[in-house]
Structure formats: structure tokens, C-alpha cells
Amino acid sequence: MPFTAEMDALRACLPQRVAVSRAHAANGQVASYIPDLAKTPREALGISILDPSGNSASAGDSGLPFTMQSVSKVFTLILALMDRGEHIVFSKVGMEPSGDNFNSMLKLELVEPGIPFNPLINAGAIVISSLIKGDGPQKKSARILHFFRELAHNDALDYNLEEYRSESSTAFRNRSLAYFLKDNGVLKDDVEEVLDVYFHHCAVEISCPDLARMALVLACGGNDPISGQSLIPRRFVQIAKTFMVTCGMYNASGEFAIGVGLPAKSGVSGGIMTMVPGRYGIGVVGPALNRKGNSVAGVHLLETLSREFDWSLF
Amino acid sequence: MPFTAEMDALRACLPQRVAVSRAHAANGQVASYIPDLAKTPREALGISILDPSGNSASAGDSGLPFTMQSVSKVFTLILALMDRGEHIVFSKVGMEPSGDNFNSMLKLELVEPGIPFNPLINAGAIVISSLIKGDGPQKKSARILHFFRELAHNDALDYNLEEYRSESSTAFRNRSLAYFLKDNGVLKDDVEEVLDVYFHHCAVEISCPDLARMALVLACGGNDPISGQSLIPRRFVQIAKTFMVTCGMYNASGEFAIGVGLPAKSGVSGGIMTMVPGRYGIGVVGPALNRKGNSVAGVHLLETLSREFDWSLF
Amino acid sequence: MPFTAEMDALRACLPQRVAVSRAHAANGQVASYIPDLAKTPREALGISILDPSGNSASAGDSGLPFTMQSVSKVFTLILALMDRGEHIVFSKVGMEPSGDNFNSMLKLELVEPGIPFNPLINAGAIVISSLIKGDGPQKKSARILHFFRELAHNDALDYNLEEYRSESSTAFRNRSLAYFLKDNGVLKDDVEEVLDVYFHHCAVEISCPDLARMALVLACGGNDPISGQSLIPRRFVQIAKTFMVTCGMYNASGEFAIGVGLPAKSGVSGGIMTMVPGRYGIGVVGPALNRKGNSVAGVHLLETLSREFDWSLF
Amino acid sequence: MPFTAEMDALRACLPQRVAVSRAHAANGQVASYIPDLAKTPREALGISILDPSGNSASAGDSGLPFTMQSVSKVFTLILALMDRGEHIVFSKVGMEPSGDNFNSMLKLELVEPGIPFNPLINAGAIVISSLIKGDGPQKKSARILHFFRELAHNDALDYNLEEYRSESSTAFRNRSLAYFLKDNGVLKDDVEEVLDVYFHHCAVEISCPDLARMALVLACGGNDPISGQSLIPRRFVQIAKTFMVTCGMYNASGEFAIGVGLPAKSGVSGGIMTMVPGRYGIGVVGPALNRKGNSVAGVHLLETLSREFDWSLF
């Protein structure tokens, strides 16, 4: 199926597919651990799909603003790789799925040398935040935001400061992780400064079209096919996509790989960034989460589309 | 690059690539936990690559016979899926990488409901052995061997009975796992009968060309493109390939996905089965293992080739 | 209070104390993991208290026969110490409370060198069974039974063979533990032979007066004050009593030490052996167990009496 | 042996026993995790033994000042019990040995409801610090110091502020524990305020005679037999002594109970407080620690004396 024909088919079917998947939101819960998140409408579901020619299909609540949360970790990983290179980054975080919860401390204590198993679990992403270049937390955060704006081709991208403050004042488990890493010697900087960077990039507000644009850059090997800009070295895109397959959906990554078969990263705000390599960048939002922390309706929608359009990499 | 041109390039470069990678075997150890395995030559390294037209390239010790060990688990999983369907299989084993050693018992005790995290770790593969249809262990084993012969298109494929006996008489950890699963109610059959099936399929002796042929069937969605036979439903191939990416190389699967980027399954005898989807089935053997249990020289060779010929899925 | 006055007071109050504590049995469950145990009456409660002069007080279902189960582990530990000495015994089992369930495998996998944390958890007691001297499992079992008879001063003590068979045919978790220990090299003998010894001593049938007599020997430093026989070297009694304080009541040992303050060992059949050093041997039975595996009514009764008669060691 | 005769014997033998045990310090390491501790002389060893009549025996470096560190946890536990009662205290910390390291986080994550297993491991002691009454951290600390001075009958007892600052600025693992507890809802107060109380009581400087006096109060059921003051309700002494037996020597408590058989609490500065109930309060210092965190020479000395004078409770 040539791209444009499939895009037409997507445009035609998306509203109905969204309507069906939306019903599944009733089986999930909006995250409450960041107080401000709890306000999001549980039944929301939106999707944007963007192809390299700039054609797009959107449906449902694709305009709903939401914070990136863990989705941002894919891009801070890439920026850290661009800033420090593979060798330094992978001396601080591993490459393996952990099999534990995203905020687990077990393997830090049990498995030598106590570095996070991968850069997408919380412990790993906190270490990644510490590797971003910049003189102090504000400059680091500014560089990250600048990078995100470039990728989304949207200079208006900014923090949701209310959610930033909400998370910053309640993120005791992340502080616990960060101090553990500091004790292990993995984290060298001041814990509160590192967390400030981390909370900021988690709180960047976005909507589905932005996320689809960012994903499209990954789908196209690091180039923005619409602007023609080369934004990320291909090797780092490859690394990021691999982690998205093996660890992107928390400890339901294996199930997602079998059910959908695309590189993806979810966030606790209900966002999912995914892509069909070479073909589409995709942004999804659906705040009701399943037990594993992924958007119930969003995952259902992606399963439906992947099966219908035969998108699985495998 | 058209297939045949790349095959020519492979034929030309393989001997030199094998020679370079073979030197890395010195960093590994031949497995000793099955006494008979310890006899294999540590510095051996062989590879066979087969394309859908039947063209092949081989180098090094590609003719060395070795037992399939954990490589066989991919095919018993597929046979169990064909025998019982997804629903029953995934009520008994999960879909997630475990983050622990292949023979770990931690998650069976710690994570409800105590089913193995995936079908490729030992606990999971033992459960899969119990799901193969057949009246008693001998008939189950016969069905498995028949299936392997079909996939390898080689009726001479058979057990290495010395290694079977060697493993059967020393596999205390596998017995421990099996009794734990029996206690949890995941395993219903007699433990020794299940293990007899498991030890038999681990002990099927093979060489690189056989493995490449079996892998080619997976690379071609379940069809043997040479014989034209349809051997496995495509959905089950997809499931198997996904597990090979997320869990196929023990708890170095993430690293392999980043370094090589192909679905693969390794075994303690030093075998690795991998594939370039749609293009090649690949069989590798190199008995010296790294700390994670994968062939040192074999992984090095696949990294070299994947980078050189740009094979990564990601 | 001189002994005999307190014994009079005990005789006077026991029936009422038993009646009050018996009501608590409703909060517990009779163990069902050994099928045969499930037949015991849930509301039963009995106690026998014996002093060095041979005076005794009994109340409730003190004549109810029950199998020793884990209570036997105190005496097999002592026999192993007598057979092998401290040095060998403590090269095979540790001296520490584990903090985990009695049948847990976690620390065997996580904590080098993989020996059981103490001789009273299942893994430890299985190792202890393997250390008993004797040519083959039958002779070992015969020596253990002989030792138990001596301690209880009762030649009629014997196995409940129905419960022996019941446990032997269903004890998958204990088999799992034993094979793990075999794999770790802690257990040298044949697993089924070791377990046969273990299941036999767990199945020795007893009643409260027997248990009180055995406990009295411990309370009197290894001497039976009634017969005048010296049965156990004092050092081994000391070791046994220490383990009873730190690990005797599974992972409720700390709570029992605070609430009762006496060395004790419980079993899954509802038995508790305890003692007031120098003063009493005490046997209790109450089959309804709490979540930690100890007799609900039995623990309540001992708390009541220890507080009333100020028995705590601490 | 009447008290005074034994005291004479102790006075006579202590110098030689100290000399012998001091040689064992060579097998240990002075703690380095609090930078200031590393300055203590490794080969130091001192002991003071005090009886209810005020007779004492001291030898070695009994005058060496050292900070109480974990030894202080026994007394903050008692003060918390006096401030809040058993019910509240044991809703926040458990009663069981953990089997893990003193600073482990495993069970907080793995075992519901995520409260510390006992009040003597770090996590538990931090919770206990939060339970001390007082309007803000300074008043809480003042109350604790006042209590310690009363128990030691020494108004000069004070903080070593250099060690307080040293620990406060480096205690990343304790911060990690505290934030975990805050996340679990076990800790309600501000983490830094709670830790300030905790670091202060750990940094109270003391020497062997002070520690012997404090221990004597416990040995005498809460009464200071020299001043005649009643300082602690007997029930809380009983609770404290029980914890000292089951958890006082970190995860070597079982071994200490078997080797020495006395309630004891050690600290990372090399201090050990122990007692012979009804007879002696004992303070020991020996900065070289074994792998489990206890004073090598101190434990050796106590083993020697307990065996020689038959002090074991068991």
C-alpha cells in the first residue's frame, strides 16, 4: 500500500477506531502520584499520525495538552549520547530490561555495580539528566527544552510549571532513587539539582501533533523529513529505538512488542510516542492507565491499528 | 544491494571476519555445567548464512556438530503455540524480559502469580515442554524431533544421547525450578517426565547449516522458501521473533539488540540462531561463552557483520 | 515463688486460660499443605507443663496426638551437632534469622555462598537431615527416632505413616529447595534419600506430655532431671535454645520474643515446644495457625502465662 | 560466684584478655563511610564493666571517646516507647530480624506494608527518630540528649559536632531510606528534619564507663541501682533487650547470640553496649570492624569473657 493511500485509509478509519478504544479507558485509572495529573479527563483519547511528506491524520482529543513525563526520557537519552558519547553514557546506565517496576530499587542494591539497568527506568533517566551538558541545572534544562523544540519544530513548547511544582514537591521515591545513586557513586552532582533538571523535562507540555513530529524524526533516522534538517546522528536514533522496543513500555514492553511490535515510549500522563520506521511518527494520549502504567485506551488503539495495517517490525 | 551481490560479498569476507572474531574466544569459557559440553573446542567458530533462493555462505567450523540447548526453546515455544494456542500458553508463561539470570528463581517467589516471566528462560521453557501435545514424554519428544527435522529439512537430525544423559543426571537447578513450578501449580505433570522432554529437545544435535535453514523459516514468516512448504503460522513466527529480540540472549538481550539488532537465540553449547527478516537465516557456533552465557566470538562476529551490512532492525 | 507453689497456681488456672485462648483459634486456619493435616480439629488446644521434680500440669486437649513437623528440627540439629560437631554443621548452615518465609529460596540465590541462613528454616533443616550419621536413610531415620524416644522417655513414640506418605507425595517446594541445595553443592547425598529422612522425622507423632518431657531436657541443660540421664552436651542445648529464640517461631520469632520471651519452636501441625529455663518443659498443641504459621491459640496461651508468671528471659 | 568475687576476678584478668583480643583488630577495618570516623585508631580496644553496687572494672582504651552511632538506637527506641506507647511505635516498625544489611532497602520494597522490619536497622531507627516528642528537630534532639545524660548519669555528655556534620553531609544512603519511607507514608515529617534528629543522636560522644552505666540501667530493669532512680518502665527495657538479642548486632546477631548470649547493640564507631541481666552493665569500644559491621576485637573479648564467666542467657 503506497503511503498516501494508507494515510487516506487511516484518516477514514481513525475516528471509529478511537471511539472503540476509548471505551477501554474505563478499565484504567488516571495517575494520582503527581497530584496535578489527577485532574486530567479519564476518558480522553487522541492520536496524530504524521508521514515524511507532512501528511497527517488525527482523531479524538489529539489537541489535549499533556506533559511528556517519561516520554521525554527518550530524548534526554539521545541528548546525553550527543553530549557525552556511548562510552560514558553506558558506563553509567546499562542496556537491559529490568523486569521490575519503573521505580524499583531492587537491582540497584542486588546487582553489582549498582548502576541502573537501562536509561528509561526512573533511576536510569535521573542519571541521564545528570549527564546533560550545561553550567548548572537551569542551563541544562534550557538546552533540553531547546532540543525538544527543535525536534517538535515548535518554539512554543514549554513547561507546565504547575505540574513541575506538583511533582517536585511530592517526588519522594525519585529522591530516594537519586540519593541511592549518589551513595553508589553513580551520581556525582547535587541531588536536588539533578532532580530539578529531571522534573523540568518531565513537565514539558505537548500535544499529539508535536509528539508525532518528534517521533517522525526518529522514524526517519534522525532527520526531520519535512524541514530537511538533520537533528540526531543515526546511531543514537538506533539506540533509542532499540530501548523503546525492549524497555519503552515499562514492564509491559514485552507484551507491547508482541501485541503492537513498534518502538514506543509511554508516560504516566497517558502519552505514548511510537513510530512506524521510515513511514510514520505517531503521538497518542489517553490518561487512564493500566496496572503497568501504560494508557489503556492508547495501547488498545495501537494494537488495533498495528494489526489492521500490519505495522509490526517482527 | 541486491541479495545475490550481498551474498557474494559475504562469501568473500566471511573467512577473514571469522578469523578476527575467533581471537575473542580467548575471553570466554566453555560451559562446564553439563559435563559433556566441556569437551568442545574453545576456539571453534563457525557460521552459515542461507538466503531464500538457497544460496549460502559458510565459514570456519560451520560443520561442527553441537547440541541445540536453549536454541531449541524457540521452536518448542512455537510448537506449544501450535498445539495449544496463545491463550493457554500465555496463561502459563509471561511475555516480559526478567532482568535476572536464565536459571533464576527470584521472580517465581516474588512476583504473583509465580509463572515464569517468559518462555525462553529455563523456568518458562520447562513449562513450555509440558504443553507439547503427546501421550507421555516419549511421544512428546518424538513430535518435537519431527518438527525440528521438518524445519531443518533434515531427517538425520537426532539426539546426542551422551549429552542428554549428562544433562539429565546433573541438572539439579532445573529440577529445583520444575518442583517450584509444580508447587506453584503451574506445572501439572510429573516433574521427571516434563524434564525428560526438556532434556531431549535441548540435546538435539545440529550444525550451522541446519540452524540457518531453521532460522530461514522464521525469517520468511513461517514458510520454507526453498521447499515451498508452509510450516508455521505467521503470527507464531512473529511472537517467536519478538521474544528473540527481547529475551533471546539471556540478560544480555538489550545489549545484543543495540549491538546487532536482530532476533536471536543463543544456547549454552555456543550456538546462536539469528536471521535478517526476509533475507537470511543464520546459524553460528562458538563454544566459549561470556559471563552472560552467550558465545563470545559468535556475538563479536554478528556485531561485525550487522554493522558492515547494516542489518539492524532498528 | 517456689516451684511447687507456682505449679499449684498453674494447675488451678490452666483450664480457664485454655478456655479463653481457645476462642482465638477461630482467627486461624488448619494447615492444608500436607493433605492429612487438614483433618485436625481447628478448635483444639492443649498444654502440658512439667517441672524437674516430675510434677506436671495439663489442660485442654493435651492428649491429642499430632506430628512434630518443624518442632523436630530442634532435635535433629542437636543430633547433627553431636554427630558432626559445630565446625562441620556451621559450614553448611548459618546462624542468622532470615527475615523470609520458612520455605523461601531468595537468600539461597542472593546471598553467597548459598547456604541456608539457619538450621530451622526448611532449607536448613533439610541440610541438617543430610548430616545425621547412618548408613542410608533408614538407619539415619532409626537413629533419629531412637534419640527422640530417649528424650521423651517414651519408647512408644513412632511415625504417623499416613502423614509421612501424605507429605512425601506432595512436598514439591521442599524438593525444589533440596535440588537447589544440591546444585549449590551444599547437599551431597541423593535428594530423595535426604528428604526421606526429613519427612520421617517431621512425621513422628507425639502429644503434649511427650513434648514437655523433651523440652524439660533442654530446660535442664541437656539432662533429664527425672531419669537423671545426661542426654545432650550443654553447649549444644545452648545453641539449640539460642536458635529457638532467634528463629524458632518462623518470621514471627521477634514478635514472640517480645510477647513471650521464651525459647520456642513451632510446627505446622500446631505444636509448640517451649521451656522456662531451669524450671519447666512445656508442650502445646493448637492446630489453627496464623498467617506466619504459628498456632494462634497456642501463642495466645503462652503470652497469657508468660505475663502472668513473669517468665520472659528478657 | 558472688558478685564481688567475680568483679575481683574480672579486674584481675581483663588487662590480659584485652591484650589478646586486641590482636584480632588487625582483621578488621575502621569504618570509612563517615569520613571523620576513619581517623580513629584501628588497634584501640577498651572495656568497662559496672555492677549495681557501683563496683567497676576497666581495661585498655576504656577512656577513648567515641560517638554512639547505632548504639543510640536502643535508647531512642525506649524514648519513643515512653513518648508514644507500644501500639503507635509498632504500627510504624516491625519486630523481626530482617536478615539483610542494616541499610538495606529490599524489604521496604518487597514486603507489605513497607515498614521497617525492626527499630534497630537504619530505616527503623529513622522512623523512631520521627516519633520522639518535641516541637521541631532541636527540641526533639534536646530531649534525647537529656535522656541519654540521665541514663549515663553524666551531664557532660554532648555531641561530637564534627562527626555530626561529617555524617550529615555524606549520609546519602540514609537520605535514600528516609525518602523511601516518606514515599511509603511511614514518615510524615520533613525528611531533613527527621535526619537531623537522627544524625544528632548518632553523634553523641561517650566513653566505656558512660556506656556501662547506661547498660546497667537496662540490666536492672530500668532502674539506676546506684542513684536509685527509676528511669525506664520495665516493659520497655524488656522490649529493648529482646531487640538487642534478635537484631542488636546487625545481621550477625544470631552468631553473637550463640557465641556470647547477651543482649547487645553495636555501632559503626566500634562501640558495643551489652549487659549481664541483673549483674553488669558493659561498655566496649574497638573501632576495627568485621564485614558485618561489628567490632572485631570487641566481639572476641565478649566471647572470651562470656565463656569464661558463663554469662550466656541461653
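Order of writing sets the labels: A, B, C and D. Residues in every chain begin at 1.
Everything that follows uses one rule, which is that contacts are C-beta pairs under 8 Å (C-beta built on N, C-alpha and C of every residue); 3 or more make two chains touch, one makes a residue touch a chain.
Not measured: the values here are computed from a predicted model.
K.L.:
With respect to inter-chain C-beta contacts, which pair, B-C or C-D, contains the greater number?
P.N.:
If we tally the contacting C-beta pairs, C-D comes out ahead.
K.L.:
Chain A-chain D contact: same residues or different, taking over half shared as same?
P.N.:
Answer same: the two copies use largely identical residue numbers here.
K.L.:
Compute the distance, rounded to whole Å, between the mean C-alpha positions of chain A and chain C.
P.N.:
The computed centroid separation for chain A versus chain C comes out at 55 Å.
K.L.:
Please report how many Å separate the Cα centroid of chain B from that of chain C, as a whole number.
P.N.:
48
K.L.:
Return the distance between the CA-based centres of chain C and chain D, expressed in whole Å.
P.N.:
Centres of chain C and chain D (C-alpha means) sit 32 Å apart.
K.L.:
Would you mind listing the residues of chain D that make contact with two or more other chains?
P.N.:
Counting only residues that touch two or more other chains, chain D contributes 110.
K.L.:
Taking the complex as given, what residues does chain C use to touch chain D?
P.N.:
Residue positions touching the partner: 94-100, 107, 117-118, 238-239, 241-243, 245-247, 251-255, 257-258, 261, 263, 277, 312-314.
K.L.:
Touching chain D in the complex: which residues of chain A?
P.N.:
Checking each residue of chain A against chain D gives 104-106, 109-110, 172-173, 175-180, 182-183, 191.
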